[in-house]
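In structure tokens below, several structures.
Paired with chain B in one complex and with chain C in the other, chain A is shared by the two complexes that follow.
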Partner chain A sequence: MPDTFAPGTRVTVRSAFPPGHIRTPAYLRGATGEVERVLGPFGNPERLAYNLPAEKLPLYRVRFRLGDLFDGADRPDDTLEAEIFAHWLEPA
Partner chain B sequence: MPHDHPEHSHEGMSPSGHPYRADQDGPLTRSQVMEIAIRELLIEKGVLTADQIASQIDAMDARNPANGAQVVARAWADPAFRDRLLTDGSAACGEMGFDVGPMKLIAVENTDALHNIIVCTLCSCYPRNLLGLPPDWYKSRAYRSRTVREPRKVLAEFGVTLPDDVEVRVHDSTADMRYLVVPRRPDGTEDLDEAGLAALVTRDSMIGTGIAKTPE
Partner chain C sequence: MTASDWHDLAQNRRWHDMGGGTAGPVPDDEHDFALWEKRVDALVILCGLKGIFTVDGLRRVLEDMGEAAFEDLTYYDRWVASLNQNLLETGTYSVAELGAKMEEVAARGTTYGEAAATQDGETANA
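After this line comes the complex of A and B, so read on.
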């Protein structure tokens, strides 16, 4: 897991479905987008949710094209941005 | 007469024609029991007083969209503040005395070419310090699921129809950020001061489901 994806880097959200409190929406898993900005670090919510010691992770705002997320998107070039923790991202 | 529905009787209805809400005669839920237990323990052990708890609830209830409207009005009136707000929303709101708390604020600006709209698909994240409590529809499954998939249809249902050359950008509040839309400043507002500008900024315009009002 790289520490930093610079803004503009193409990244893919891991397509994984572990149990527990996950703040990576299912509709974005497997999708590819571009880092808009780097935030954080913030505590890993998957551990904070259970009152466990939580490592701090970079948090990325990633921009996606709606056409890359949904088949038949009304306007494929409209965009969506979401915050994704570092351990959910891989270089595209 | 309002609510005059010939097809059914008004028996059991309030004078305004709506059904009375049922009394809460059922048992408490686990969460309700836990809340009461923790609140009573905090008071019994001297951690907090009942008055402090009531005051905090009062403070939370007092937050409302007028706070956010002041921030937007200043961004419209003061280009340097606008730049600071778009660069670091939390710090800029702090300048005005609005503490955003542990969450961070990102302000996104609507322009001739871009319209922003905010949603929280996972729950109901909302910039409460600036806008107060979220409206019920913001927490509905329909708004949360449809806004990411068909934002223009959702916008049209709110009465916002955008030209084809305006990009729609949806912001899903998935983690530690909260979002405030800075709507486009309406035409014909050159002579207004910040208070006059703030009166044009609606709650929905700061969520992105509306646009700012035009002066009368």
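After this line comes the complex of A and C, so read on.
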């Protein structure tokens, strides 16, 4: 896992479905977008949710094209942004 | 995303993870919260400020309560259940302490008016 994806980097959300508390929306898993900005390190919610010591991980705002998420989107070039932790992202 | 993608997703996603699907209109009516609901909200915020548990812990318990709780309980019914679960798990109070306190509070009556009258009576008898 790279420490930092620079803004503009194309990234793909990991397509994994483990049980447990996860903040990465299921409908974005497997989707590819572009890092809009780096929001900084934040405690891993997958640890905090169980009241465990949480390592800080980079959090990214990732921008997706609606046409890349939904077939037949009315406005395919409109975009959607979501905040996703580093361990859910891979270079596209 | 194609129809078969959505089918795969429906198999894999957890019940609460409903983003990305179709939705009805957004209700824009105002909410009128009861005093106890405001207290539950304040307690959750206080627990975060004091470092007892985070919003992630709140959400984790809400998710684990399952879809039936989402249908059957109100928003703050679910919050108070999650608040309690987190406070038990963090050892903030014990089950026995909770039970004793619930009996004490129940003895005050079922309304705020009854509780106030009970407290007045105790003061008068003291």
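Just so we're on the same page, the second predicted complex is superposed on the first by the 92 of 92 C-alpha atoms of A that agree within 3 Å, B and C clash if a C-alpha of one lies under 4 Å from a C-alpha of the other, contacts with A are read in each partner's own complex, and residues count from 1 in each chain.
As a convention for this text, a contact is a pair of C-beta atoms (placed from the backbone, for glycine too) under 8 Å apart; a residue touches a chain by one contact, two chains touch by 3 or more.
Since we're looking at a predicted model, the values are computed, not measured.
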Chain B versus chain C as contact partner of A:Pro19, first or second or both or neither: second
Partner chain(s) touched by A:Phe42 [first = chain B, second = chain C, both, neither]: first
Residues of chain A touched, compared between chain B and chain C (which is higher): B
Touched partner set for A:Tyr27, first chain B, second chain C, both or neither: both
Touched partner set for A:Glu83, first chain B, second chain C, both or neither: first
Contacts of A:Tyr50 with chain B and chain C, given as first, second, both or neither: second
Chain B versus chain C as contact partner of A:Arg75, first or second or both or neither: first
Residues of chain A that lie at the interface with chain B and also at the interface with chain C: 23, 25, 27, 45, 69-70
In the complex with chain A, residue positions of chain C that touch it: 1-3, 9, 12-14, 17, 19-21, 53-54, 56-57, 59-60, 63, 86, 89-90
Parts of chain A lying in touch with chain C, wherever the complex brings them together: 17, 19, 21-23, 25-28, 43, 45, 48-51, 69-71
Of all residues in chain A, those that touch chain B in their complex: 23-25, 27, 39-40, 42, 45, 59, 61, 66, 69-70, 73-75, 77-85
Parts of chain B lying in touch with chain A, wherever the complex brings them together: 104, 106, 121-122, 148-153, 167-177
